[in-house]
Amino acid sequence: MILSKKAGESFTVMNELVLPNDTNTLNNLMGGRLLHWMDIAAAISAQKHSNHIVVTVSVDNVSFKQAVKLGDVITISAKVTRAFSTSMEVRLEVWAENIPSGVKAKSNEAYYTFVALDASGKVVKVPEVIPETEEEHHLFASALRRRQLRLILAGKMKPKDATELKALFSDDD
Amino acid sequence: MILSKKAGESFTVMNELVLPNDTNTLNNLMGGRLLHWMDIAAAISAQKHSNHIVVTVSVDNVSFKQAVKLGDVITISAKVTRAFSTSMEVRLEVWAENIPSGVKAKSNEAYYTFVALDASGKVVKVPEVIPETEEEHHLFASALRRRQLRLILAGKMKPKDATELKALFSDDD
Amino acid sequence: MILSKKAGESFTVMNELVLPNDTNTLNNLMGGRLLHWMDIAAAISAQKHSNHIVVTVSVDNVSFKQAVKLGDVITISAKVTRAFSTSMEVRLEVWAENIPSGVKAKSNEAYYTFVALDASGKVVKVPEVIPETEEEHHLFASALRRRQLRLILAGKMKPKDATELKALFSDDD
Amino acid sequence: MILSKKAGESFTVMNELVLPNDTNTLNNLMGGRLLHWMDIAAAISAQKHSNHIVVTVSVDNVSFKQAVKLGDVITISAKVTRAFSTSMEVRLEVWAENIPSGVKAKSNEAYYTFVALDASGKVVKVPEVIPETEEEHHLFASALRRRQLRLILAGKMKPKDATELKALFSDDD
Amino acid sequence: MILSKKAGESFTVMNELVLPNDTNTLNNLMGGRLLHWMDIAAAISAQKHSNHIVVTVSVDNVSFKQAVKLGDVITISAKVTRAFSTSMEVRLEVWAENIPSGVKAKSNEAYYTFVALDASGKVVKVPEVIPETEEEHHLFASALRRRQLRLILAGKMKPKDATELKALFSDDD
Amino acid sequence: MILSKKAGESFTVMNELVLPNDTNTLNNLMGGRLLHWMDIAAAISAQKHSNHIVVTVSVDNVSFKQAVKLGDVITISAKVTRAFSTSMEVRLEVWAENIPSGVKAKSNEAYYTFVALDASGKVVKVPEVIPETEEEHHLFASALRRRQLRLILAGKMKPKDATELKALFSDDD
């Protein structure tokens, strides 16, 4: 197994066109469709990093702006931020571009977490992530805090043990 | 406008069959497809409460067990927990049942938040939620804490102002 | 094998949102899409009763009202009425609710019949149905008449041998 | 408006390939998918006859053989048998062909009934059907009996008034 | 193996209804959806000729008229023109019919080429095509010229060796 | 209107996961599905260049390798090569990557041509393309030859007038 891979190697871009069946009766993109596309983009990214089939284990707080409309072009970019032995956190950015105005706005950001499976469906270790750019270093560091939040919310860690997170509540950043 | 409605009136159940296109090459349900179904079930619930078209504004931390397989029957139940003037929080429970073993297991829980729109796409006020059962009262109360967490994660509230949440980090519950 | 199961154990509810691709150019739900959803709801119900994979063997006369529109919420309920050794009759009720008017109307009723298959695809015996409510008893009794009609229409029974049905044509009910 | 059209002018053929998402876990075509395809084929046929958008009003007893498998080629043929002022009955035949064995078997027959709508969604009169072949004449005649059965089952006609149908139960055909 | 089959035996007709998700925001059918339908119709035709699973190997220049609209009925006809040992060329004609005007216009023509595979995925020989009608003879003859063009464009033949094609550029036809 | 835009501004990347419904019974990606994805990627690219809704007018010879399998990750890249007053030629490259082997192979190349439409559906002029890289210059130049070939195949130009193409048949390149 490869022990570590650069964050940039998992970079994935996906473009989608908002079609009628993706929208509600006000012609707004439905959130569930976007969550589905984001999951596929994030899974492709995690597969590039791990060279294994992956399954989603958690989705972090995702917030939606209400501007995505029928006919807009969606651009989803995904990149693995950090690996924790068998799990990988993937960061997503979503942009929506209106044709013909050409206005392009960030629709949302999210973090999806995956584990990699071997052919028999068992969880396997994944390579470490090597951050290179300044942003990759920042995301690599903050991944620990987000992981503690996930563990608390899943009831697998006591809030008082979440050292990284407690700091967040004593001083602002 | 109706000023308040019982939580139970928004109760929605959705059954889905896991078909080949919903699975990866290991025959596991892909997380994105489930997120999409959950969004539709939650939107129907929020529409029952508000009698308006709704759009997803946020999805809370969702964690997936890895057991949902091709051919399983998914049961998603959704109910509005609390309304905050123009937004509604919907709680979802997902169960997967294997045919023919008959084994049924809770797959996950999640919270989706929606706002209601009028015919011109403008945000409108929604009725208050009247909790009745013990569980509905508990979810109504804890909704405030989850809302503060969402506002912090969206950068719209400073952690030190999240009174409800700070309490969480000083003593366990 | 379980020899008998209560009718209520097979009760299944499915909610669907009428999306653009489910409608014709007048924004009416197309009948075929509803027949497809009904088949899935009925199959889930028959699988709950039999704990086996099931396949549709017949669909009884279904009549459609013309009111289901784009954006409506469809509620399909399904319950096994009676088993005939290897086949199960499932009764469906379909309701359509308009958002935002809140008007909810029964769209149609139908009967779907299934047989259960084992892993090698062979037909297997299914548990008897125990009716409990008054309506379940009524549906259990009338299932015999509907079965004779199906057998006649499939050319597997001569009209003169359909004792239950002949009675129908001598006095009204 | 054209007052009458030949039955043959509404003839429609549709071929479909049975794909993974159309099948259950035993690789059998699910009945609901076939009902959906049949509805589209029948609607196209009724549109050719009426030159209007049509909506399904009823589906007669459809029975399924269990042989249709993943990868099979489905051939659906549809033709209007008779018009009753505003409604049209369409007869469907479905064949399934296995590749590579080349074995082709009739899977089922069915009758779908449609009404035609104008641009404002109001029901309109449709041309009469002129049967030409022997089979078309036979189907034209028997359409009356099937219509009485539909009206009885929909509770719109009393069994004792169904003269055509009563005859069916006194002597075999 | 059958050594030769009549062209007419591979004749395939497919009707499709243009639904909302098949169109862009101007309600025009998107070219990609039509290419997909054409591929399925052509594959069914090539499977009828070869009695094997087939895979697309090339698609010839397809040109689209811009008139196909939401709600139109598409008719695709496909027939094998000629076989070259292991490959088959299929000719497609596409018509679009407007409901309710009844206007029917040829939308486009195209050639798709397939090879047949056995159960292990290996390429197999296919029967020769016997042209019968005048049009079939013409298409059989011109298939050679189209094949040379494909080989040149795929870089597998030098333009100067394409005897059939060179003739095309010296005198008009 | 902007008179000219750099080729690179229209660059579009799309990743797709090959799901069960995209494959035949040998688990090979069906050509038609890929043609559909390519059309969407190319349309997005042409929309970026023109800032208008676009419709496909032609698809050039596309040849498929037979290696794309269920579970593979498809990467489609698209860029406008040249504009001809109202039409734009888009070049596509398709790569398929196998997970877990990590082997990535070019699956095919193709040219799709689009015209841009205004809100009333009328064809509009599009900006000229400014090629920058060596490859962009090469594609810009050869676009003329491909256009002559399209015009000849569509019967809109006589072969003897296709000066650029005739040269192709006298000396190899």
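The first chain written gets the first letter, and so on, giving A, B, C, D, E and F; residue counts start at 1 in each chain.
The rule we apply is simple: a contact is a pair of C-beta atoms (placed from the backbone, for glycine too) under 8 Å apart; a residue touches a chain by one contact, two chains touch by 3 or more.
Since this is a predicted model, take the numbers as computed values, not measurements.
K.L.:
Among all other chains, pick the one whose mean CA position is farthest from the mean CA position of subunit B.
P.N.:
E
K.L.:
Contact counts by the stated rule: is the higher one at A-C or A-B?
P.N.:
A-B
K.L.:
Can you spot which option in A-C, C-D or B-C is basically D-F again, with over half of the contact pairs the same by residue number?
P.N.:
Matching more than half of the contact pairs of D-F: A-C.
K.L.:
How many angstrom lie between the CA centroids of subunit D and subunit E, rounded to a whole number?
P.N.:
30
K.L.:
Which whole number of Å gives the spacing of the CA centres of subunit A and subunit E?
P.N.:
Roughly 42 Å, centre to centre.
K.L.:
Among all residues of subunit E, which ones touch two or more of the remaining chains?
P.N.:
In subunit E, 20-21, 24-25, 40, 43, 53, 71 touch at least two other chains.
K.L.:
Let me make sure I understand the interfaces: which chain pairs count as touching?
P.N.:
A-B, A-C, A-E, A-F, B-C, B-D, B-F, C-D, C-E, D-E, D-F, E-F
K.L.:
Which positions of subunit F touch subunit A when the two form their complex?
P.N.:
Residues in contact with subunit A: 12-17, 40-41, 43-44, 47-48, 51-53, 71, 73, 97, 99-102.
K.L.:
Over in the complex, which subunit F residues touch subunit E? Could you list them?
P.N.:
Residues 24-26, 28, 30-33, 35-40, 43, 53, 55-64, 66, 112, 115, 117, 119, 121, 149-150, 153-154, 158-160, 162, 165-166, 168-172 of subunit F touch subunit E in their complex.
K.L.:
Would you tell me which residues of subunit C are touching subunit E in their complex?
P.N.:
Going by the criterion above, the answer is residues 20-21, 23-25.
K.L.:
For subunit C, which residues count as touching subunit A in their complex?
P.N.:
Against subunit A, the touching part of subunit C is residues 19-21, 70-71.
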